[in-house]
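What follows is a pair of complexes built around subunit A, which joins subunit B in one and subunit C in the other.
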Partner chain A sequence: MEMSGEHIIPANREAVWAALNDAGVLQACIPGCEEVVKSSDTELSAKVRLKIGPVKARFSGDVTLSDIVAPETYVISGKGNGGVAGFAKGGARVHLEDLGDEGTKLTYEVEAAIGGKLAQLGQRLIKSTSEKLAAQFFDSFAAQFEPEAA
Partner chain B sequence: MFTDDVKLTNPLHVAFVRSQIASGEIVELETEDALEAEGVAAVHTGADVADLGSLSVNPVLPIKHLPPFSVLAQATVRGLGQPVAAVLGETALQAADAAELVYAEIEPTESSPILVAEKNWSNAQYEEAAAKADHVVSCTIQHPRLAPSPMEPRSIAAAYDAETDCVTVWHSTQTPHRTRSELAAILGIEAKRIRVIAPHVGGAFGMKASLYPEDVFVVWAALKHKRDVKWTATRSEEFLSATHGRGIKSEGELALSSDGTFLGLKAMVEGPVGAWLPNSGLITAWNAARVLPSGYAVPAQDITTQAVMNNLGPTGIYRGAGRPEANCLMERLIDKAAAVSGIDPVELRRKNLIPATALPHNTLTGNTLDSGDYAKALDVLCEAVDYPALLAEQTRCRAEGQLVGIGIGFYLEPSGNGWETARVTLNEDGSVVVASGSSSQGHGRETAFAQIAADALNIDIDQISVLLADTAKTPEGIGALASRSTAIGGSAVLKACEEITSRLEASEALPITADVRYENKGQAWGYGAYLAQVSICRSTGELSVERITCVDDTGTIVNPKLVEGQILGGLAQGLGEALMESIVYDEDGQLLTGSFMDYAMPRAADIPTIDIHKFETPSPMNALGAKGVGEAGTIGAPAAILNAAVDALRPLGVTDLTMPLTSQSLWRAIRSAEQGKS
Partner chain C sequence: MYETAYARPRTLEEAVELLQSDEDAKCLAGGMTYVPTLKQRLAMPSLLVDLSRLLSRDIAVADGFLTIGAGARHVDVQRSQIVRETLPALAELAGLIGDPMVRNRGTIGGSLSNNDPAADYPSAALALDAQITTTKQQYAAADFLSGMFETLLDDDEIVTHVRFKIPVCAAYSKFASKASGYAVAGAFVARFDDDVRVAITGAGPCVFRADQLEEALKGDFNVWALKGKTIEPEGLLSDMHADAEYRAALAVEMTKRAVHQITGA
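Showing the complex of A and B:
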């Protein structure tokens, strides 16, 4: 499955970059995320509870950051194991463009594959579910930078 | 009663942990958490069953590489869905929950296809025939991979008897005697310690003609833990790990002269097999080649078949088992030959069918076509549908711009070879017990066998009881497969009854028991001709089967209602292949059709009006004169429907289509043909 998109984040590029490398921010923004633990600058592990179609599972997996060019771009990749529910693996190239006063444009390209019961039962829903999860992530992520409600 | 209904004493339930990837090495298999889970009695992995034996494989093709039979995967996983561990729980739910706690780390490995078996039949004349031919037509058919999907999934229940250290096994199978002998061989125990009973089998279609690794595990576990054990597959497990059918790719070339005389056939058949082979694992690739060139006289032949192992699910026989594939290739080639030669498809077939006077006929592929009048099937068909009127109507509809097609499918259906048993007892009170080594998948076998005995002994059918599918109560036999049971099993019943009659005439006192092991003289070849009339909606690609007319010569008919039931059921499955069914894997070998949400099955409303005609030419190969009919519909229907669909789109320039003929694939064919023209 392939997916891509772009979002304008109302913050400067350095702040967005820092947030993208902050385990606490990621945990708060990833839908269903129970835990993100950063073991080094480039290695994290995560636990995420997800429901895709009829398959509900808790995925745990390791995440690696590579091709890092701060504060512009990195590749985030990993594999999540959901037990009998199956597995998901893939990666995303994330790119940040400085738009000055308008904030930062974040673009991403995702490539992902699924296996096991997820593939057998959830294949037809994987794209729409992924798009929904991505939208939720970026809504939450953008909200991190919004000033406190006036 | 079905196998899952069997009440065992405090049984353990099995849940299997299956490989989620198609090919890999097991690097880690953690079972501790599962073992500590509530209600779990044991967790087993490959090491526990490493010493068990292998399932036997019917070597109908010379085997080059026999894939290993593992009850649970050893270090290597060679197929998606292969069991890697098994959990025994006090309840099915506890076992399933604990199975989730087993952690299996399987490192994916690259794999390439392996040639498992291969055979060629050639009289070395094809190239010469093709060189002097006026026309050479070619065709490639990729049959969809199909999930047999009997209503009852696989199910097995083993009751352990501590006093005798024996097991009674209820098994949803077509071949209970084979279950017993194979279990004994694989487990390395005496067959007398195993009794197998096949209760009602909710459909089987070839999918239940072999033991599965899961079945062996259940009986092994019962003997190991000295407890009752049972397992019933979920529907998801059936899509993933029960044998699939078809999936055959056949390529062919037919050479003919301008007057339509067939000169030569070249065919290349490739059949997929999975990580392990069931008993009949090579039958499909064999049949798909050796049934060529169907009932036609073709002087030059070069026919090759290969069984090739890949890492998808296992494959096996499925109602038809290579017969639909062989006939479909031949019938498509003939329609193409009709198109290029301008000869009417019916006429071209009639011209080349082996005449009745030339039967029996020995084929290059090692068969003896025993009896019948092949062209008569076409004659009866043409009369039944008023063929000239049908063609005239098609011309009229085409003039109005409608996409309408007529397709013919002539077919041959070989039925099984070999022996079957019957033990018939005539009691003092006049009642009769017929015990047969054959079994039933729900065919109404009991009715047919009772009829045969009633006629032979000249007694009322109500006096007769029929025993099937219990190794303790019936003589050892083969079972219900290869459309063999009436022809061979029924002949055994007939012979046993005849023996009783002659012993009665010799004034022997009752009760009299006759034990017969009947062996037929050879395969009885049923045949027939089907016609499908279809229309295709130009704007949506939706195909409607307007009518199907069947003509079958099934030899001597014991019970017309049961024969009709077989034709109808087979036809529904043939229509499923032609129009909607297909197992799909993605490029990583992941199964995408894991439920009935994604795998389309025909429903009652999808079945068109079916007009069935018959005539009977008794087969000289068995005492009854019966021929097989169990697979007729699955053979004749896809060829006729596929030919009709191509015929419907012929005015647009379409010459080939691939099954299943979904509205999407037809819509694409219509669009690309129209764009190609403009």
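Showing the complex of A and C:
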């Protein structure tokens, strides 16, 4: 499953880059995220609670940052285990473009897969769910830079 | 194994209190979606609040509206003399849900609260401009059915009644998945004195109205009026059963069949 999108963030590129590397910001923006712990500059672990209709599963997984070219691009990838519910893994290449006064253009390409029981039951829903989660993430992320949040 | 407590409260107030007492509590109506989910361990609530014996199953007509208690099972709606006389399309829809086992346990309140993108009732609720009453307030179906598997319900809120506006005539047609009975695409067409509403289920992440088809039918309520009319496939579901383009075409076809059922021509 693949998807992509772009958002204009009303902040300069350095600030956006810093936020993308900030465990607290990530935790606030990842839908259903209960915890993000940074173990090194490139490794994090996360606990995420996913709720889709009747399904409610808690995933814990590792997140790795790679291909880092600060403050322009990185690849964030993760693999999570939801116990009997199955597993999920995915990665996103994130790119930041400086637009001067307008802010920063963030583009992303995501590749994600799920397996186990979750995949059996949820095949028809994966794409819509992933798109919704991605939209929620970037909406919350952009909201971090709104004046009242600053 | 994990532990789950089970409670069968006698009143709605008690049920709401139980739901508030535990953040991992979940209410259970007919259980036709939730019990299989539990068996698969895809949800592990700490407390199950069984509503099946406390929700109203009453069905009544007054002032141009058909009101159904949230606990009415699909078979109750299917066989109700009142529904058959005032809104036969709804009785027919109920008879097309799942299989006999599902119809004998599943409830209208449960179906609407779950808002499965392929469920049947949401299409009727949207096309018939239903009012959904909960333990907290009343919603228009168009607001209440807010997204894929999403409603405006809080965790401690329970649907108690659904009130449908009775149309001049209506029909429901669906192309069902052979395995599950869920709609790959389904259309509920309702004609009112001054309006035509077409609600499509199964095709998108959430039930939606087909504006272009509605406009055409308002001009001329006839299958031929739909000739060349389409539904935009952008944003519709694609999966192993059908891709978005196919679903869009199928939804138009189901609309035509529903209109045909009404006009007979």
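To be clear about the criterion, the second predicted complex is superposed on the first by the 145 of 150 C-alpha atoms of A that agree within 3 Å, B and C clash if a C-alpha of one lies under 4 Å from a C-alpha of the other, contacts with A are read in each partner's own complex, and residues count from 1 in each chain.
The rule is simple: a residue touches a chain if its C-beta (ideal position, glycine included) is under 8 Å from a C-beta of that chain, and two chains touch if they have at least 3 such contacts.
Keep in mind that this is a model prediction, so the values were computed, not measured.
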- [ ] Examine A:Val84 and indicate which partner it touches, taking first as subunit B and second as subunit C; both and neither are also allowed.
- [x] both
- [ ] Considering only the touch criterion stated at the top, classify A:Lys117 as touching first (subunit B), second (subunit C), both, or neither.
- [x] both
TODO: Give one of first, second, both or neither to describe whether A:Ala11 is in contact with subunit B, with subunit C, with both, or with none.
DONE: neither
- [ ] Examine A:Lys127 and indicate which partner it touches, taking first as subunit B and second as subunit C; both and neither are also allowed.
- [x] second
Open item on the list: Output check: A:Leu44 vs subunit B and subunit C. Expected answer is one of first, second, both, neither. What do you get?
Closed with: neither
Task: Comparison of subunit B and subunit C by subunit A residues contacted - done: C
Task: Shared subunit A contacts, counted only where both subunit B and subunit C touch the same residue - done: 83-84, 117, 121, 123-124
Open item on the list: Touching residues of subunit A toward subunit B in the complex: what are they?
Closed with: 83-84, 86-87, 113-117, 119-121, 123-124
Task: Contacting residues of subunit B [partner subunit A, same complex] - done: 17, 20-21, 99-101, 103, 236, 239-240, 586, 588, 590-595, 597-598
Task: Of subunit C, residues touching subunit A in the complex - done: 33-34, 37, 40-45, 114-118, 147-149, 205, 237-241
Task: Contacting residues of subunit A [partner subunit C, same complex] - done: 52-57, 83-85, 117-118, 121, 123-125, 127-129, 132
